[in-house]
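Pasting a structure below so you can have a look.
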Amino acid sequence: MNEDKLLRLLEEYRAGQIETDQMLDQLKTMPYEKVEGFAHVDHHRALRCGFPEVIFGEGKTGHQIVAISERLLKNADQVLITRLKPEIFEQIQDQLPDGKYNAQAKVFHYANQQTEEKKPGVVVISAGTTDIPVAEEAAITAEAMGSQVERIFDVGVAGLHRLLGYTDALNKANVIVVAAGMEGALPSVVGGLVQVPVIALPTSVGYGASFHGLSALLGMLNSCANGISVVNIDNGFGAGYLAGMINRQSGPVS
Amino acid sequence: MNEDKLLRLLEEYRAGQIETDQMLDQLKTMPYEKVEGFAHVDHHRALRCGFPEVIFGEGKTGHQIVAISERLLKNADQVLITRLKPEIFEQIQDQLPDGKYNAQAKVFHYANQQTEEKKPGVVVISAGTTDIPVAEEAAITAEAMGSQVERIFDVGVAGLHRLLGYTDALNKANVIVVAAGMEGALPSVVGGLVQVPVIALPTSVGYGASFHGLSALLGMLNSCANGISVVNIDNGFGAGYLAGMINRQSGPVS
Amino acid sequence: MNEDKLLRLLEEYRAGQIETDQMLDQLKTMPYEKVEGFAHVDHHRALRCGFPEVIFGEGKTGHQIVAISERLLKNADQVLITRLKPEIFEQIQDQLPDGKYNAQAKVFHYANQQTEEKKPGVVVISAGTTDIPVAEEAAITAEAMGSQVERIFDVGVAGLHRLLGYTDALNKANVIVVAAGMEGALPSVVGGLVQVPVIALPTSVGYGASFHGLSALLGMLNSCANGISVVNIDNGFGAGYLAGMINRQSGPVS
Amino acid sequence: MNEDKLLRLLEEYRAGQIETDQMLDQLKTMPYEKVEGFAHVDHHRALRCGFPEVIFGEGKTGHQIVAISERLLKNADQVLITRLKPEIFEQIQDQLPDGKYNAQAKVFHYANQQTEEKKPGVVVISAGTTDIPVAEEAAITAEAMGSQVERIFDVGVAGLHRLLGYTDALNKANVIVVAAGMEGALPSVVGGLVQVPVIALPTSVGYGASFHGLSALLGMLNSCANGISVVNIDNGFGAGYLAGMINRQSGPVS
Amino acid sequence: MNEDKLLRLLEEYRAGQIETDQMLDQLKTMPYEKVEGFAHVDHHRALRCGFPEVIFGEGKTGHQIVAISERLLKNADQVLITRLKPEIFEQIQDQLPDGKYNAQAKVFHYANQQTEEKKPGVVVISAGTTDIPVAEEAAITAEAMGSQVERIFDVGVAGLHRLLGYTDALNKANVIVVAAGMEGALPSVVGGLVQVPVIALPTSVGYGASFHGLSALLGMLNSCANGISVVNIDNGFGAGYLAGMINRQSGPVS
Amino acid sequence: MNEDKLLRLLEEYRAGQIETDQMLDQLKTMPYEKVEGFAHVDHHRALRCGFPEVIFGEGKTGHQIVAISERLLKNADQVLITRLKPEIFEQIQDQLPDGKYNAQAKVFHYANQQTEEKKPGVVVISAGTTDIPVAEEAAITAEAMGSQVERIFDVGVAGLHRLLGYTDALNKANVIVVAAGMEGALPSVVGGLVQVPVIALPTSVGYGASFHGLSALLGMLNSCANGISVVNIDNGFGAGYLAGMINRQSGPVS
Amino acid sequence: MNEDKLLRLLEEYRAGQIETDQMLDQLKTMPYEKVEGFAHVDHHRALRCGFPEVIFGEGKTGHQIVAISERLLKNADQVLITRLKPEIFEQIQDQLPDGKYNAQAKVFHYANQQTEEKKPGVVVISAGTTDIPVAEEAAITAEAMGSQVERIFDVGVAGLHRLLGYTDALNKANVIVVAAGMEGALPSVVGGLVQVPVIALPTSVGYGASFHGLSALLGMLNSCANGISVVNIDNGFGAGYLAGMINRQSGPVS
Amino acid sequence: MNEDKLLRLLEEYRAGQIETDQMLDQLKTMPYEKVEGFAHVDHHRALRCGFPEVIFGEGKTGHQIVAISERLLKNADQVLITRLKPEIFEQIQDQLPDGKYNAQAKVFHYANQQTEEKKPGVVVISAGTTDIPVAEEAAITAEAMGSQVERIFDVGVAGLHRLLGYTDALNKANVIVVAAGMEGALPSVVGGLVQVPVIALPTSVGYGASFHGLSALLGMLNSCANGISVVNIDNGFGAGYLAGMINRQSGPVS
């Protein structure tokens, strides 16, 4: 129930068009509608902020994805579809609006008009080349949320000088996403070089005792550097979303 | 090697007081000293930002803590000692400067002068009363970093209305820390109500299949809400530090 | 050995048609046959209660399923086949009686006559859309056991207002099944809103640190709400069966 | 905000004593207060149902427990304190009302007047003698909720005849709690003998590969019997509460 | 080096045909040849005992299996090939000797002549029908080792009377193999009924929290019954081999 | 219900002293009494076999142990108390009969008369010296069951020659218990040297990645040698009991 | 920045061609370039040592592998491609230089000229035949690094005499790689026989409780023999690389 | 049986003093004695190499330690006692020879004469100050084995410049031990900087999701750097022993 409707209700009541009993009943069922309305306010805020609507594509059929995206696009300026496999994308690309599909990151992004200029401040780092798809998912998500993203890929800890060559870029960031599999040590090293939030993004890259990303996840949770937090294994979207959120609310890059 | 020293070196070299060979040797060993110097710059930045120096008290003797804090206080305006057990604190409190000790959170904080006004924007939530010590550690840490912290304790998901009564406070936050043990569900609920970063802080509260916080940790990593990231079990310091960092760099609370 | 047979035996014995030695031997081997008979009594009770016979379809060939269902249908009014894959169903549907097959839940249900009216009182909730197949398996099972089921799908904790809009339905339930994957937080929230048994049904929905449902399972076992118990991951049948059982023996919905 | 208050508000508004703007503001902040009110309704229901207020004693000081119980007793007829260690109980027993303390189960129960007659229908079983404390916690909880409890202890699966001697008692139950550690097999056996809900209660009894109750927990979750659900390891309170809930809403024992 | 060869060597040495130095060298390298010889003695013992040579078929190509079995059959009267997939068997069956292949248990057994009469005393039990392939692997292995095997399948703990009907058979056994997946409770029940060794054979049957047999394995390791030991998950061969070994060395069935 | 009682019942029935209805009722309730009787038969068999009654001392008070042992000793010739801590033993030794207490193995054994001669055939091996308490528990248990036990301690795989020096003893065994912690490799090596059942007994000896015996347990379950089965971590009693059982039913040592 | 460049810079500065400010800036950004240069020195060292460049083939397309190998071969005398599946190799073998491909080990090795003579001292052992691919990967890697490798395959602990026959070879080694799956016991046995470093290489060979190599990994980490260290499951390359490194720096085989 | 004894035996045999039968018997039992002899040769080699005899002190009484060390000192020039708690050391220090005790590392070392000069080449690094006890255990062990050890402590990855300042020392090493808890990332970084074996030594330092060193262990096993292998958690002795072994057999430091 939005404010207008409530206002109309109150006026009808004061005007005697609604009985007290009825009014009471209306109000007793309203709370959750108001929560609903609250969500609408959020929704408006979301739209105002330029946060895209998101579809998690995994496990959905092409038909389902098209149906949901059509519905979302009635209200939203942007739609982001994550974990959209190339074979599904090919089936449905004619029915989707004219956006960009990144096959490596398995992300489709549509923005119905040129959004305002991207705000700089997000850096996305990957430890190895095999971590790039997950890192790219994070980068595209942050971009969809209005951030300009600097990508620094393949700078793992076993060759430190590669990372150290990017100190300038790191020092300009408001927030840094660091994707790494295997031992997941890179976020600790990055966290020691900067004074901004580092979002550690474990990937399932590895074999044997990497246990599908568990090793990287545990390593990142136990980081001895400050300012680090962790998202789920392979959750590039989550890392990118949080990075976009932090960058948006950050002051200008110092 | 700081800039002054380097400058002097260059001038001596240009003045012919140092031979090219010697100069080359000096410079060849300089890189890591320069990294050292780089760290100094960071250090200055840290001091300028008001980030406190931190001592992780666990496993250290009273003697060690006193020694480290004395050394730190020569350069720093603030010292934060975490995981400082009451019995250790009692032994050494005469030797520490005149700060505040919170026995529940096991945190000692000393600031050598009234720091500038705290910036509002951090909310720290706990699911239960037994999560309060960890939540409090986060709150004190964020305060030491210059944030004003609103505490909302004992608002777990099994009694939703308790949390919902605090919607206003949530909506004013720049960043929210949510401490919860057992099933660790609260960050998801909070994440669904707000549009700012939520730092999920799993605690080891629970028994049986909580496996010392593992259950809460996994729950938080798998959160279906956006904008959530996770720190280590019982890592109140880490959550508070990150919250302070995000709040510091955030624009004014909208 | 059923009662009739035992009666006949006793009469033959009293009539001297069976020797004491023979009678003793018969009786000595009877106990477990009597247990068998006991089971028959149960069986009668089961039939009287309208509990269906159940075939767990996973890992069985179409041929095996047809053979078992034919045998069961000689004695039972209903047969429920769970985990029956669409491709197997297609092979055998001509040989099965004329029941209903739900491809999403992979459940086939046959009732040889219109059973008595369904008793209201079971609510089945799913957190996300991907949890629906498991939730639907629970719902169909409870229906097969004589319950009328209200389905409330896609009301996960990250958008609380969706769930709160269904408070009326929740308050009318005798028992509620809550299916959720990922962090598995929904049963705690539901458990805090109602005063009836909540059956938590973890699903394997998720990725990374969800570890195929382990995260949801642990979350549910550690729920801080009262009145919650948990079944195996993806065990929609078990949850639905228990819900049907509790609803059957409950008094009228208050 | 309760109904009376809302009614008064409406009347004042209609009477023109409150402006539309003010009224709108009042109503906009009301929802969660109404949720609060909703909870009150629940609260009344709880009191009407005779459900006791519960204090989880673990990790609380004697002082805290006394304070909470005093506050609760102002509104509640009963208080149940679980996980109350004997040494804490001794400290505070003078300040607690005159209830019963069971040192083995670590449960204190106070009921401020003779509650109505207990309803039969709950059976609590333990596999071994070392499971009795947890089983007893379940039994006392169910009793506090108004159920009459039949205890059947030390009837583990390795001596089947012990359990089979209690078939009559099992057949009279509305709900059965089965506490077992080690391999946790007893609930499956019981579940195969009855047609009522079985609440499996894993205990941490065992050593080595029991992994503090994990083995029993997994065994129970994987039970091949129908009608079984599981609570957390050593969660006697949870099992007893659920049993009391199911028994309360069950029709008369058939 | 077998005894004959050693004898010849000694005689040559005593006869002066070999120098002391040479003899010393021969003997210094002999130990492991003697171990080799020791193994030969074992080998003879194995043959004398009728233990078959065994090929673990998993991961081997048809070509490899044929080659190994041809080599083995030069010295052995029997060959047992386990984990031989039907598709591999079909490729190679023309090249194998004329034995028996059990497609369900994936075992091929060849005995080059009618071995002596089988010794009774082994019982192989399965909890469910899906455990039968593993149970059958155990049974065929025990038969290949000279035991007569009684199979009792589908007598899981949730329907106790089924097992209790076989008390006679159980009482005649020298050793019992019990295959069960899911909660793995059956060995405990069987162990409580008999006074002979019970070999618990966990299977990977189950889903969700069965974790591919881990649940059954842990349950069996924690059995509260005496006389139980456990083999690896799905290790039907290992259980059958041990059963055959125990039965062979047991006195006549009492 | 024993045979006599049943016979009398039949005779009364044939004599018309009992009505058919009554007779039917008697027989319907008999099965479990008969199971009870069946257990008695077992009990007799146990006594006849000389198997001792066993008390698991862990977690029991001295008082409880004395009470149970007194009750048991009325019917049994032997009592074995395992996991009896020295401090408990000291408290109660005056009240126990005059048996032998082994403080290292924490086992008390009482036999009320000189039992018949011990049967040779059991070997108990330990890998290290720290495994000896568990190995000793196994050895004493097997002795209590009538076996003569050869102990071979501290012959771990890292010094193979120590074990190989005992080949003669190994070859004379009917069954071998092998206790090992850490990597748990010794049972595989022993299993490769002999042709009799090897009972692998993992101990919790170790640190770090031994995870309290898990490493040894897994190693033993995965043994590549034949004839090996495993008991729970530190379950010396279980291994010794099974060894005694196998030795008892084995033919004379070949 | 290499030395030449730095020298030139210094000379230009002394000659007054560069201002002090500019010089300072150059030097401030130099450290990581110098680290880069440092790496070059390493690179030279690597080339001088004959260490090959390595491509981890898993997850890379044929196209990617060809591109990387072409780039590497411009600077390197050797390229080693690991985890190169036969089907990928077939696609690209025309584009690769004329090296050797081992389909079992999935390793391709190219050396652009006959490298100097291999240094003896590396022994690679496998416990079973199914461990050979991983062992072979280790052996080929060590060979590519300039070591001569002695292979001893299929000498698992369950048939000790097989290993003991190779004592001579073991005694000549500078370093030994031991590949084993299942219980992973072989490195302990080998470690007990020699006085040189043993690299334990767990393989994922096994089933059930081997948990994809976890059992072998834990066994090896807990080895009671001295001089043993462990690499990741199935990491034949890592073991071979380390073995080559140790052998290269070892003195002549004693 | 040593060579002399065998020679005498052969001569007696040739001289006819021993019958062929007797000789055969002697030789048949000799192999393992010869293995024994083989071990003696090893033993001599160990003494010649200066490897100390080692006592693992954990779980041993002061009395046991004194007894073992006295026996060992009859044959050995050095004794190293690890995991010797200060309270035990105090009890027995009068009975031990006059060695050095390091209370932090819990290591006692006695060398009965000034051993030859230590060989440089071992570096031991610790990530944090709390890792020092384990690192120190490694260092003392390597020293006892004849190596000169350079200690570099408290140079964790979150402050990279600290480590980079020690490049010279790293480049002079033959082998490097890196002790780290928490995320265990330091060995990867070190491994990327050097071209010598790195022994990764996980410590149990940490809390929460460090799971007593598991996190560090997994991180190290998954290291993306080459030349790294891992020992058990907190196994400072093992790392130091291996380092000493590698250093001993390495050529002069390049």
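Labels for the chains are A, B, C, D, E, F, G and H, by order of writing; each one numbers its residues from 1.
Keep in mind that, in the parts below, a residue touches a chain if its C-beta (ideal position, glycine included) is under 8 Å from a C-beta of that chain, and two chains touch if they have at least 3 such contacts.
Computed from a prediction, not measured in an experiment: that's the story for all the values here.
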Chain at maximum distance from subunit F, centres defined as averaged CA atoms: A
Gap in Å, rounded to a whole number, between the CA centres of subunit E and subunit A: 56
Separation of mean Cα positions, subunit F and subunit D [Å, integer]: 39
Interface hub residues of subunit H, defined as touching at least two other chains: 31-32, 35, 38, 159-160, 164, 167, 208-210, 214, 217, 221-222, 226, 232-233
Chains grouped in pairs wherever the two touch, ordered by label: A-B, A-C, A-D, A-G, A-H, B-C, B-D, B-G, B-H, C-D, C-E, C-F, D-E, D-F, E-F, E-G, E-H, F-G, F-H, G-H
Residues of subunit D defined as touching subunit A within the complex: 3, 6-7, 10-11, 13-14, 16, 20, 23-24, 27-28, 30-32, 34-35, 38
Contact footprint of subunit C on subunit E as seen in their complex: 130, 159-161, 164-165, 167, 207-210
Complex interface listing, subunit B residues touching subunit A: 35, 38, 42, 45-46, 49, 51, 54, 164, 167, 174, 195-197, 199, 217, 221-222, 226-233, 238-239, 241-242, 245-246, 249-251
Residues of subunit A touching subunit H in the complex: 127-128, 156-160, 164, 181-185, 188-189, 191-193, 206, 208-211, 214-216, 218-226
Footprint of subunit E on subunit C - complex, ascending: 31-33, 35-36, 38-39, 58-59, 202, 204, 212-214, 217, 232-235
